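What follows are several structures.
Each of the next two complexes has subunit A plus one other chain: subunit B in the first, subunit C in the second.
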Partner chain A sequence: MHSSSSSRFILLGRRLLRGLGVAITGLGLATLALPGLASEPWQRLEAAQSLLGDSEPHTQGLTLDLPHVSEDGSAVALTVSFDGELDEGDYIERVDLFANANPSPEIATFHLSPLSAKPEISTRVRLNETQEVIAIATSHQGERFATAREVRITVSGCLVRAGGEAPDALSNPRVSIASGLAAGEPAEVRTLINHPMETGLREDDDGDTLPRHIIERFSVSIEGDTVFEAELHQSISANPYLRFFLTPEQSGEAEFIWQDDSGETARHVAEIDLS
Partner chain B sequence: MTQHFKGTGISRRQMVKGLGAATLLPLVGGISPFAIGGQHAGKVVVVGGGFGGATAAKYLKRANPAIEVVLVEPAETFYTCPFSNLHLGGLRSMDSIAHGYDELQDRYGVRVIHATAEDIDAAAHTVKLSTGSELEYDRLVLSPGIDIRWNVLEGYDEDAAEKAPHAWKAGSQTEKLRAQLEAMEDGGTFVMVAPDNPFRCPPGPYERASLVANYLAQYKPKSKVLILDAKDNFSKQGLFMEGWERLYGDRIEWVGLSDDGRVTRVDADRLEVETEFGTVHQADVLNVIPPQKAGWIAERAGVTDDSGWVPVKPETFESQQAEDIYVIGDATVAAPMPKSGFCANAQAKVVAVAIAASLESRPAPAAHWTNTCYSLVGPEYGISVAGVYRVKDGVIAEVEGSGGVSPMDAPDTTRALEAEYAVGWYNAICQDTWGTQT
Partner chain C sequence: MSHTELVVWAGLTIGLVFGATAQLSGFCLLRSLHHTQHSGDTRKLRAFALAMGVALLGSQALGASGMVSLEASIYTVPSLAWLALPLGGLLFGYGMALANGCGARALVLLGSGNLRSFVVLVCLGLAAYMVLSGVLAPLRLWLESFSLTLPAATLPQLLGLPGWLPALIIGGCLAAWAFSGREFRASPRDWIAGLVIGALVPASWYTTGVLGFDDFEPVRLASLTFVAPIGESLQYLMLSTGTRLGFAVSVVGGVLLGAVLMALLRRDFNLRSFDSPTHMLRSMVGGTLMGIGGVMSLGCSIGQGLSGFSTLSLASLIAVASIMLGARLGIHGPLALSKP
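Take a look at the complex of A and B:
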């Protein structure tokens, strides 16, 4: 298995380095920094490092679910979820996703609230080559968690793409909320909207660069209170798909808003009816 | 594919040729001399008699006739998935896609056992058969094809497949779907549920939609085809869509993932499916091509990973997880090689040479593979994609500049020629694999 063998390698590397460190300090030598050998993927990516600062994230508790091999890098299904330990009353407040070999590594940042506190989010991402995808979660009290997973991208010989027409921006917003809602119980929510998510890096048939045109922000509020927000970047696939959980405490109106970088918005309203 | 043997003095190929001549006569009699000069050349069990397994058995014998080769395949007649869409469209009989194992036994001296492999003990190197007997092996080849992931798609289990056939393994499922299509009233809708990657035969669903539309255009002109897809892109998409427009107008409607094409619930009793965002579609004939995984026996052998497929060492297709087990065909993670019969056949030849080498403690020669997928958009309208693959930086990679797809906007004569090539390809690969003469 690709992932387990690479993580085993990292583990071995760390153990080896620790051993080396002991041996070296034992000899009274200065500690050596060996960049690259022992570092975790998030330590090798500047964008992730600047988010983490000096904090040393926990490596248990956060899980990234991605295929080992994807035959279509334009839309790779991704789920990030958290089942680690947190103090009483603490919750995951923010989740950041990165792709370390994409032209710009930021994929998305999700802001959660106690009303969206089951930390499990799915989306579809663009990966332009084989690389590591990184997730970092931050709790309300400032605990950090990190994980990474390698995805191999191939273009299957039988999967030559058509191109096709770009969808109309911000058309057909779709929302599906699981039935049988109960107060305080996490309910699955899926959203989908048509949008080209033009990266600003692509050329048209005449060789002209197509201007960047993406949805930058998505938010959900219940009775006016924001409960879930997402900042999206170019690495989110065309026609952004998001699946997450809401934990409503009372019935009310849920408003879903997508906003793109031209300032346009799309809106969808759904009734939350707790039984 | 070519096979290069490095060695001293007499080349391996010449030696094998010589041996073949010497051992051919006793083989024909069914008495296989499994030893040369008193030495045991090795015993290989091959599980699965499709494009991969049958080819592996034959080419193991061609690589070294002294190797004892046993092929385990439950069916006495094998129906190919390639061209089963032609049966569905009323263009071919099931007999014309049926193949047997006489040549493997009579000409190549393969022992064919019609039984199901029920368990594999990788440590003990044994295969347990449904007959109760047990086979020992030095090397094992698994070519188990695919199995359906039942119930991953809500409501789609084995009972549902009786009412809403998948027809993604050729045989009775193909005939069932054909019968339903024939019984459908004019004006009905043939709904196909297409899966996300990876799955067997990436262009297969779209060829099927084409040939169903071709049948409907002739016999049930008020009827339609609706494809509900869990993907936004599919194999040869531009070529298919161009052909659909050209031949069938708007008879075929395709709904992709981002237009709520992903089906999440199947009600086979009511021939009804529901998509992720709650649209319910009513079918008159419902063809559900469900999520798939490696054939079940691969799990028993302990060679699948958490994806349900089999990771292999790219140079030899030996399992990454169990020694002396080689896995080929649709069950493997071989991308960018697609899950096609052509690839299974190509992989089988590489495996045969690799095993013959390993039994003599020689390194396996460097491998390369080719693939061509022909698809029929209509009886006289063929399109294709081809590729050549090699190991690069430890993974299988398409050779840059190799292969390609049929041109867009090509004249009808080009499409007609490719339709002929498709038939030529089918006849050739079936002759290579099972010895079927046409």
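Take a look at the complex of A and C:
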């Protein structure tokens, strides 16, 4: 009696083990077969996947710099930069940023030109929970680079400041261009403008949804030629901050234009003086 | 040097001066209350009062000159968490009595070789972040939801006066009381400590508000405080590759370093440890209570007692009173503690 019951247990154990083995093998195969279980973050995000199409991005060269932990998800400092290898004459033409767990994953798309070809861009973004931020860069000849970085968002330690009038949208545009410009040398440009960047998801004190109101487009042109452009989405923090590089070839007038979704624009003109 | 690097170096310098001065003079709110209570020696209390007066006068002068807008600090908000803030102050004050000193004091003592303070600091930093963003954060947010809007954020606003006038009166009274003691006047170590540590508060406002000013990437306005920054320093030790060094952490590092240097210079560096498990438990509970309470009251005996007080914010005045009350309960009252 005793021995038969113990052998039954052994049998049961073997059967369980075999079942487990089959299950593990099956799972492994499913991982290979199903893109839904793929390992890279950009393969798991539809918006990034539709941008990449069938192309397999390089995973070296593109860097995202974000804090590991942030106590304030409403303005997380982000820098994306590229130091990978490109063919002679090729340059990074486009950089896309995504936040995979935000209500709308697109953060921004930047369009660069040979006159803004040092690919290093900083901004501040909204992240509503712990998640991965994804960057995808595309070169002029179609080379693609991707990277991702996890950011942990915790509750804010700061009390929300009550009262105080918010400044007018599109007021007070500020532009700072690094001094000592030289032809063909990248020069740091920093821009800031007042804007609520209202997401359209927030409610006011009475429970009414605040309508979406964001800056959608920012562009820089030198003597009429567009050299840098940004498409911004609701995941960009209030009072959008953008830092990027221009490599002007000659002196001239640089025009900075911010356009919001109500059609209003703000304009700032700076003189670029190569000496 | 970028403005953020400048703020870090200035923070380190301010910390060094604080650490060295406090190591030399034994500047400590709790110790001052003990001395007053047990031996009638008010020199340490007068030093703290002088530091409060100097911090107040200096900060309000900075504000009046327009260089720093103290209204942008975390202390000067018109909303008052009427449950969390006084409760936090009481917990902090009582914890301070349990642990034999506040967070800043523990840093200075650790710099002098006191290993008990290491236990206090780890418990304090851990508890602070548990309450700030960890497992106890939902409880804190719930406690903070009991809030009311004050008619004004600061005492001068409430009275409709310019900030310098009440500052001159209150700061003048504090300094005058401090110097009215003959023993205090005869003890340069104490009055110099009061002057120097008080002056570090406006120096910190100047560092974050003027040196750290940048249109595009402003540094958050802050002054000396030691609860969240001790937690942040522990976090920085663990995550420095993914975080940025700021004013608060550089001050904490500076205080420790300043205390070590002064202790070595004075040949006052001695390793000390616990006498008994109960003693250790006291330090652990004290550190934990200070971490929890300090976050809830938005600052410690230095953060609210000097920095918050220097803005004359109404919330800070309440926090300072509750910290004093909590400490008093620990020293002398129904919850009084025996000497370990």
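Observations on the model:
Following the convention adopted for this analysis, the second predicted complex is superposed on the first by the 227 of 275 C-alpha atoms of A that agree within 3 Å, B and C clash if a C-alpha of one lies under 4 Å from a C-alpha of the other, contacts with A are read in each partner's own complex, and residues count from 1 in each chain.
Everything below uses one rule, namely that a contact is a pair of C-beta atoms (placed from the backbone, for glycine too) under 8 Å apart; a residue touches a chain by one contact, two chains touch by 3 or more.
What you see is a predicted model, and the numbers here were worked out from it, not measured in a lab.
In the superposition on chain A, A:Pro167 makes contact with subunit B only, not with subunit C. Touch criterion not met for A:His268: it reaches neither subunit B nor subunit C. In the superposition on chain A, A:Asn194 makes contact with subunit B only, not with subunit C.
When subunit A is checked against subunit B and against subunit C, the one touching more of its residues turns out to be B. In the superposition on chain A, A:Asn239 contacts subunit B only, with no contact to subunit C. Contacts of A:Ala75 after superposition: subunit B is touched, whereas subunit C is not reached.
Shared-chain residue A:Thr154: touches subunit B and subunit C both. Contacts of subunit A with subunit B, set against its contacts with subunit C after fitting on chain A, overlap at residues 67-69, 71, 77, 154-155, 157-159, 161-163, 174, 176, 190, 192, 241. Listed in rising order, the residues of subunit A touching subunit C in the complex are 66-69, 71, 77, 154-155, 157-159, 161-163, 174, 176, 190-192, 241, 243.
Looking at the complex, you find that subunit C touches subunit A at residues 74, 77-79, 81, 132-134, 137-138, 141, 144, 149, 215-217, 228, 235, 239, 241-244, 295, 298.
Remark: subunit A residues 1-2, 67-72, 74-75, 77, 152, 154-164, 167, 172, 174-176, 190, 192, 194, 238-239, 241 touch subunit B in the complex. Those residues of subunit B that touch subunit A in the complex are listed here as 196-198, 201-203, 231-238, 241, 257-260, 276-278, 305-307, 311, 320-321, 333, 335-338, 340, 371, 373, 385-387, 389, 395, 397-398, 403, 405.
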